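Before I ask anything, let me first share the structure, which is written out below as structure tokens.
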Amino acid sequence: MGLRTAVLGASGYAGGELIRIIDDHPSFEVAHLGAHSKAGVDLASVHPNLTGGDRRLLPNEEVPDVDLAFLALPHGASWEIGDALAQRGIKVVDLGSDYRLDTDARYRFAYGSPHPLPDRLTDWVYGLPELFRDAVATANLVASPGCYPTSALLALAPLLSAGLIRPEGIVVDSLSGVTGAGRKATEGLMFTAVDQSVAAYAIGSHRHRPEIEMALTQATGTSPSVSFTPHLVPMQRGLLSTCSAPLSDGVDLADLQAALDGAYRDEPFVDAIDRAPQTRWVVGSNRALVHGAIDVHAGRAIVVAVLDNLVKGAAGQAVQAANLMFGLDETAGLAMTGWMP
Amino acid sequence: MGLRTAVLGASGYAGGELIRIIDDHPSFEVAHLGAHSKAGVDLASVHPNLTGGDRRLLPNEEVPDVDLAFLALPHGASWEIGDALAQRGIKVVDLGSDYRLDTDARYRFAYGSPHPLPDRLTDWVYGLPELFRDAVATANLVASPGCYPTSALLALAPLLSAGLIRPEGIVVDSLSGVTGAGRKATEGLMFTAVDQSVAAYAIGSHRHRPEIEMALTQATGTSPSVSFTPHLVPMQRGLLSTCSAPLSDGVDLADLQAALDGAYRDEPFVDAIDRAPQTRWVVGSNRALVHGAIDVHAGRAIVVAVLDNLVKGAAGQAVQAANLMFGLDETAGLAMTGWMP
Amino acid sequence: MGLRTAVLGASGYAGGELIRIIDDHPSFEVAHLGAHSKAGVDLASVHPNLTGGDRRLLPNEEVPDVDLAFLALPHGASWEIGDALAQRGIKVVDLGSDYRLDTDARYRFAYGSPHPLPDRLTDWVYGLPELFRDAVATANLVASPGCYPTSALLALAPLLSAGLIRPEGIVVDSLSGVTGAGRKATEGLMFTAVDQSVAAYAIGSHRHRPEIEMALTQATGTSPSVSFTPHLVPMQRGLLSTCSAPLSDGVDLADLQAALDGAYRDEPFVDAIDRAPQTRWVVGSNRALVHGAIDVHAGRAIVVAVLDNLVKGAAGQAVQAANLMFGLDETAGLAMTGWMP
Amino acid sequence: MGLRTAVLGASGYAGGELIRIIDDHPSFEVAHLGAHSKAGVDLASVHPNLTGGDRRLLPNEEVPDVDLAFLALPHGASWEIGDALAQRGIKVVDLGSDYRLDTDARYRFAYGSPHPLPDRLTDWVYGLPELFRDAVATANLVASPGCYPTSALLALAPLLSAGLIRPEGIVVDSLSGVTGAGRKATEGLMFTAVDQSVAAYAIGSHRHRPEIEMALTQATGTSPSVSFTPHLVPMQRGLLSTCSAPLSDGVDLADLQAALDGAYRDEPFVDAIDRAPQTRWVVGSNRALVHGAIDVHAGRAIVVAVLDNLVKGAAGQAVQAANLMFGLDETAGLAMTGWMP
């Protein structure tokens, strides 16, 4: 008999991935499918890829007694229900951003308004297992990282920790597939608007930047300044971050690679590799790949990280954290093998 | 009666674009279509989009007496024939890279070997009209810029010239459509290899970096250090560069925008705009768009430039230079209107 | 001084193409840009590819005195304004479907309700120049064909006229790019819904079938039965129809090709070719290509036709008709050269 | 301890899918990875999505003693090795076409030359479990169906068996993603050649037509004539067939749907559904969906079938057959859940 989970926001792309993963998970089972505007409709009508019998979406609010709730809700929609579930003693993994930042000040900087429950912020653990495994394993409430931060943190944390790069002048340029923008129908996300085109957006102001800086500070004890620019590219899934930073004096490629290799040698889901990765190598899996290089002429380290924004960048990472929270094998139910081509 | 031109490398993508543009040009006409392995085949079999009667590709070498030759050849294939045409008194616009760098030292740095005709390098003018219009207008031999450098130069030169950014710590991350990789059939450029995926390549070592630095130095009198990383994205055409640099003290967004507006107010093909551009806005046209923003937190200027890699990044820019070389209207035959969607 | 035209529905994809074409047309000029929900906004904000100065969208209804109005409106939105413009003595080319069918009975069959102005139906000429050139040339009111019918009619009419195929058992399976579905933001047309997938829709009931049968009857004097199934494929532009019909007794490939060659030898925009065409060969141009083959084993003719749904299938064809209506060169302002790749 | 399998043609797309499936299969394991030109290279270099330790491709010919060999080889490459493995007493599932046709006459019709081992043809069972389950379950040698035939057979066989459609005048128009064309680098399969375009190919002459007709005859006892036209569409995976046939007298939609529902109610991998399916609903899974409709006006049944060409159309179907051959649960190791979006 599996651990009972609720998936809120089940009609979205991250929600669909959660269901796909949990349906095959050896220890979890889906006990509640919550939705907002899609409440009342059949699961198969919103996720025709999912089989497993007739299942219906119910209102997000009507969570039964479960062991764990996954929240895959838009920004601003999880703080209240997340806190209510916590009060009921239900463990929560929030895939959204409401509880990711550790202080009200940082939240105000990112979102321009105070956090509605600032006293609760420290109740939540930032759920990147590769950097904060012990905290995740003992947490009841986990704020799962954003897709962009996951890639940037995996690329940069080992180098900052080892002092191989300087914390000033870090540049992260990221490319994301369109599923990263969610499922809501808008003009800007139509096929005719997105296909055959790329664009940068939220230049100098994306909300994931404070998250990147916070987690780097927590993990490495440095105070980095990161300039982050996301780009939308015409593909369904996949995320690539090209992370660049000034090298510390005397650092060479061997130092860089040794730091990345050392950091990920024993990690089940992250590999440091010696050639430039493509996003499609990991799409469908919970793997991330990092590749370190040096621009000798410019004196900069360049680390490229790739992952599937809906798996390691969302649903897979959330299940990875949940596995730790329940003392399960960290890899339970999570694919190592990607879909290709 | 038009000015007679030869198009060498007519079977490639840039060659096809040259023919498309020249066929509609009021003053130029195509008098010779040169090819290498495709010599002897019908034009329509390699470019089925081109109409205009039965035309056949001939060997690249058999250039008749023409007024102008466009060379759209792979790297290393234009230095010899370009020089031979120059000796015959034929004006040449080389879309390739053989004559873009101004010194043998720079060439060795970029390509790892000496230039075969180092004494000729100074005979060629670097053909970016927006930065070197007068030189182009009086040149007989023009080395037309690469697609990546065009975007980076348009983004950065006005800021460097005005002292708004510092020359150290410049980062250029570029995204290119697949036509930028040429037409040769390789495993890595198959639909199944490229679609639904992105990747960085030539990290820290791309040949366009020395070209960017050279032209910035020539145009602005500074000695910038540029870290350049290109990325391949799954679209046919379009190129976007996100160019980032540390701000000089006291510079604000108004300064940045004023510099870009001033630089391009009278330019027919470049517009400074106040929203983040998409590549598809300019695909099919010879236009480039630049958009300046500031990352206040990180103290960096971020300028995004977009263009069509085959037009403003190749064939259109070459015709723009040719227009200047023959005293024609700089915009003759060049589309201002893009193809969308 | 050009002939003054109004473009209603200027914010849509066909509207944008009309503007793009008319802006470069030697005899027409845009005197009014009409829109519905986008009235009041700048043209550049809805069609960033279009240059040509500051232009603003106005309400569709406020058409000034012009020589010609193009209606690029949704189904049901052009009958009233089309009739009002006709009453004012303005020539009209309606790209929509309101006036394409010749009888109220056919309209009821296609749309399930009576035509609001059935007496007006005969005032409008079905605007496929290749089949009805003389009627178009003398018309004041033209109903421009749909994209699917254009392809099917060009493929089938010559064979039916020559008696080479039988009128029963005709099957037309068509593939269309996503721009054919319009610009309105819906869940089903998002990149995430459309990319990497194909589907058939409106099986057995698409509104274009009666239009195909009507025009075939008018052009060939036969009464064909056509089973038509459209498919949506993940590309921006382009339409392909595979049209199949039982061969009449004794017909061979030479007969088939002779009929197609003969029909299109003198047509400026249609070519009969001897290899299977790709849609990208004609995207951006007003060309259509037809290719005839025979399935000997099954005893069927198979004709494949390709065109750009927004050009020969919409805006280009409308301008072609308008050229005829004003006694201009039929090819004026219309590209023969496609965009590739 | 699993049953030991060999995968020949391991470097191709179907080979990669076989490995992906077998690696997660509860009863099979990969004991030999065979390749031709890629023999000697690491598996990860040709399939970077596959994890599971260092594995190397060996020559196809060096098959050790295994329980089962999967042949994922080009046409013409499996008859000899397939026969040799059979002589060694190894069970074989051939994903290729060498042993699919049941007579030399049919082979000559399809391929234009005699079969090299015509006496062996009857040793092989055509491996579509939904039509020939018992034969597959007792076979030692299985010729797994092609991707196009699988879709057409699932759509048409129940209707022909029930006499709901007439065997003359059947038209199958199919759309396939690009992985269906294999992995070999050719000009026609480059991203720049395939993206943003569709085309029909092998019109009237595709080799899968005789296979469709043979299997329909075997399964239904009729002698249908099928006109088959495949189309290449710009997506990685997925196959859709629109199958159309004249209705028998008096047949209505309820008859059609009852036949499809009855045929697939107990099938684990095929569902008859009441809305038009998209290919992406089943990509990544071994499911096929069929949807029956009627074109009342034209008197034709139209059945649309979708599947993943690399799974139910290749590797998944082969494993499904292998499960039957070894008396395993038919669904063992085969995903029911697709990848979306």
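All chains are identified by letter, namely A, B, C and D, in their written order; residue positions are counted from 1 within each chain.
Throughout what follows, a contact is a pair of C-beta atoms (placed from the backbone, for glycine too) under 8 Å apart; a residue touches a chain by one contact, two chains touch by 3 or more.
What you see is a predicted model, and the numbers here were worked out from it, not measured in a lab.
Peer 1: What's the overlap between the neighbours of chain A and those of chain B?
Peer 2: C, D
Peer 1: From chain C, which chain is the farthest off, judged by mean CA positions?
Peer 2: Most distant chain from chain C: A.
Peer 1: In whole angstrom, how far does the Cα centroid of chain B sit from the Cα centroid of chain C?
Peer 2: 37
Peer 1: Between chain B and chain D, what distance separates the C-alpha centroids? Give it in angstrom.
Peer 2: Here the centre of chain D sits 46 Å away from the centre of chain B.
Peer 1: I need the residues of chain C touching at least two other chains; which ones are they?
Peer 2: 13, 179, 192-193, 195-196, 234-237, 277-278, 280, 283, 341 - these are the residues of chain C that touch more than one other chain.
Peer 1: Within their complex, state which residues of chain D touch chain A.
Peer 2: Those residues of chain D that touch chain A are 13, 16, 20, 23-24, 47-52, 179, 196, 236-237, 277-278, 280-285, 287, 336-341.
Peer 1: Chain D touches which residues of chain C in the complex?
Peer 2: Chain C residues touching chain D: 169, 171, 173, 175, 177, 192-193, 195-201, 203-205, 209, 225-227, 229, 231, 233-238, 240, 242, 244, 246, 276-280, 283, 291, 293-300, 302, 304, 341.
Peer 1: Help me check something: in the complex, which residues belonging to chain C touch chain A?
Peer 2: 13, 178-179, 183, 185-187, 189-196, 234-236
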